[in-house]
Amino acid sequence: MIYVDKLRKEFKKTIKDPGLKGSIKSLFKPKSEKVVAVSDISFEVPEGEILGFIGPNGAGKSTVIKMLTGILTPTSGTCTINGKNPTENRKSYVKEIGVVFGQRTQLWWDLPLRETYGVLKEIYEVPEDSYKKRMAFLNEVLELDSFITSPVRTLSLGQRMRADIAASLLHSPKVLFLDEPTIGLDVVVKDNIRKAIEYINRQEKTTVILTTHDLADIELLANRIVMIDKGSNVFDGTIGELKTKYGQIRELCFETDSPNAAQALGYEKHFGFGEDELSLEAEGKTVKVRFNSSVVPVSDMLSYTLDKINVSDISVKDADIEEIIRRLYKQGVE
Amino acid sequence: MKKIKRMFKIHRIFMAQEFKRMMEYKGDFIVGIIGFLLIQLSNLLFLWIIFSQIPNLMGWSMNEVIFIYGFSLIPKGIDHFFFDNLWAIGHFIVRKGDFDKYLTRPVNTLFHVLVEKIQIDAFGEMLTGIALVCVTAPSLGASLSVFRILIMLAIIPFITLIYTGIKTITASIAFWTKRSGSIIYVFYMFNDFAKYPATIYNRFVQNIITYIIPFALTSYYPALFILKGENPLFNLGMPVLASFVLMGAGIIVWHKGTRAYESAGS
Amino acid sequence: MMKRKLKIYLPFVNAGIQEVATYRVNWIFFMLGNAIACFVSYFIWAAVYSSGGEESMNGFTMPQMVVYIVLMFLTSTIIASDGAYVVGEEIRDGTIATRLIKPVSYNATFLFQELGNKLPTEIAIAVPMIIVVEIARTVMSGEVQFNALNLLLYILSCVAAYLINFYFNICFGFLAFVIKYLWGANMMKNCIIGFLSGTVIPLSFLPDALERVFLFLPFASLNYTPVMIYMGKYSGAELCYYLGLQVFWVLFFFGLSKGLWKASVKRLTVQGG
């Protein structure tokens, strides 16, 4: 369905020394350097999958999405989607995809929302009867009815996002690209949007590529994750695989009356944890210990703790995905 | 054929949206039209004051000068009315990354940009132009045959393309430099040379506005034929040739530019 | 007190300088565009003088007309102000509300930011242009015409003209409360000012009655007065009258802008931003 092979994008960036002097200098003698935004990324996405595309700020996510949607021309490498090359067969290619950029809108700002769909119908050459059916369907899934006659500029952010997603789905695309679809939305709206995406994916086998900073989006929606950092692929697999590969972190949580329990325990000394393998947090009576269970088995940690101090209400949890990814972003991947 | 039909349909739909938008801001658009009318009025007032002091301007009568001036406003106004969105490309659409939208739609990007907006202010220009041509033409006498008037109407679309072509080329520069509004502005100001008969300029300027940035082809030369029947091969042929060259170059530069487009944000 | 007050605004001057440095290339092109308009003016006047056959028209010889065109260009650049656009935009997108909570004067922040924006470029174009004008004048007339006093008075008059323009534009920007997009209105304004301030044609070319009315209006105080002073056309009581008129218009628009600002604060607080 989607094949990305050694995709690369370089930008030229002019360098300016700081201050007034620098500005004037760069006017006469512009200096520029090559910046590699995406370097040789490869991955595949089968039909009907929801792929979570994640990475820290500036990792190159948007650049990849923009190459896949035909907005940017790759410096080298290829991507083939439905057998088409986004930049070479642009016009026929974009008929098969839908794109939503959370930070921008493609709706006609000054006009009632309904008008936008009328124009898009013509642009995408959607026949009248399938347009009617499609609008009814989108209405039902995204609940557009209450604001479809309002001018777009008067919509709330959540309404606008729903309207934008509907606009991207009007021509029944086979692939849907969502760049930060839940950015700036409140919990309830986020939830609605996630449900709608999931529903459309299940109903129509639409392949979805999703970038987001909200890892709940990923956990609830994505079958698979591709993570990139500094322009390169660092992880490609399911959430389960991510957890088993990097997620040997467990969280031991207990309450204790012993003062200075943390120091008294002395985990590092006893077990010989490395620098990233243990973290400890104490707040009042509650103590949270995160540790790498591949270094020390959970049972050893538990019995050692119970031996050393008096505890009540003890529990052990799997680290959540957010914790894993936070650690990955922080340390970078080997 | 089917393709052309589709283009017309899309054009019609965008126009309809634009008129709806205008209805939302009626007052603003009326103010805009009046603004452009006033600019023309101030230019006319200038000519009128000047001609009250001199018998003719280097052999050109007031009516002839006003005819040339009025004629230059018609294609300029048409370009301005239909294709003004190119300004926005040079000023902010590319810089802010809003050009992304056009690239994700199954329509030729240049066509989409050109037809997406109309600039109602340009009515002020077009109306003045048409009025001036109509008012001055009768007094310019018997020489103005029906044939020449038909020629005049026929050449207007080509002249419009000279404007659109130049604007497309200058707007496209933004794909490499992020913004080119100021470059479009320079060319727009250059267009001032087209207001008057080219003979008032020195050789050097005449050559520039005939062969390099050919704004003299948009009014003076066609007017020479319409008013005096002089040298149709050059006076009409050159504008037509220039319209093909400039619009063709515009399309090429535009499509090279969209490949160099870097979007915005990370 | 004054010094402390000015210190608050120093960062705005600095920000303005930085801004213009960043957009220098654009600025050069805009100047180039405006210079082209001057060339067109030059050619049309050359044609007029060669067709008219008279050496002097309405008090201007052709060499004087050239000086007039160049000085008009210089003066327009010096006194240019973006206030209408900036205020209009802030009203349109609502950021004007955030100005309410800042402990500095709304108008003054603009003034200082714009000064920072303009000062370096003004000096950069004014000095060479004045030198060129003086050399050209001397060559064309065969005698030195430079008058230091006139130059000094011109600079003073330009300061007044800039302040008139600045406060007038601020006032104009408040129109955005009524009109959504100021573009059309702005164009109308520029066009009217272009004519009334003598940029299009010297006011002495107009019919007498019209000239007298225009001379009193604030717009003649913008470009026409400084240029006429530089060219030595005003002296004695006349000079004092026109300078006094400029001061009057500065005060008038300063007061008006204050009033409009107060009115809009009221409006904003009533509407809740």
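Order of writing sets the chain letters: A, B and C. Residues in each chain are counted from 1.
Everything below uses one rule, namely that a contact is a pair of C-beta atoms (placed from the backbone, for glycine too) under 8 Å apart; a residue touches a chain by one contact, two chains touch by 3 or more.
This is a predicted model, so every value here is computed, not measured.
S.K.: Measuring from the mean of all protein Cα atoms shown, which chain centre lies nearest?
M.R.: Looking at where each chain's C-alpha mean falls, the closest to the middle is B.
S.K.: Which chain has its C-alpha centroid farthest away from the centroid of chain C?
M.R.: Result for max centroid distance from chain C is chain A.
S.K.: With chain centres taken as the means of their Cα atoms, state the distance from chain B to chain C in Å.
M.R.: Centre-to-centre distance between chain B and chain C: 29 Å.
S.K.: For chain A and chain B, what's the span in angstrom between their mean Cα positions?
M.R.: 46
S.K.: Distance from the CA centroid of chain A to that of chain C, rounded to the nearest Å?
M.R.: Taking the mean C-alpha position of each chain, the two centres sit 52 Å apart.
S.K.: So which bits of chain C are touching at least two other chains?
M.R.: Within chain C, residues 25 contact more than one other chain.
S.K.: Multi-chain contacts only, two chains or more: what residues does chain A have there?
M.R.: Expected reply: no residues.
S.K.: Can you pull out the residues of chain B that are in contact with at least two other chains?
M.R.: 25
S.K.: Mind pulling up the chain A residues that touch chain B in the complex?
M.R.: Chain A reaches chain B through residues 11, 57-58, 60-63, 66, 69-73, 87, 90-92, 94-95, 97, 99, 101, 103-104, 106, 108, 110-111, 115, 118-119, 122-125, 151.
S.K.: For chain C, which residues are in contact with chain B within the complex?
M.R.: Touch list, chain C to chain B: 25-30, 32-34, 36-37, 39-40, 43-44, 46-48, 50-52, 57-58, 179-181, 183-188, 191-192, 194-195, 200-201, 205-206.
S.K.: Across the complex, what residues on chain B touch chain A?
M.R.: It comes out as residues 6, 9-10, 13-14, 17, 20-21, 24-25, 97-98, 100-101, 103-108, 259-263, 265-266.
S.K.: Any idea which chain B residues touch chain C in the complex?
M.R.: Listed in rising order, the residues of chain B that touch chain C are 25, 27-29, 31-36, 38-39, 42-43, 45-46, 49-50, 53-58, 121, 179, 181-183, 185-186, 188-190, 192-193, 195-196, 200-202, 205.
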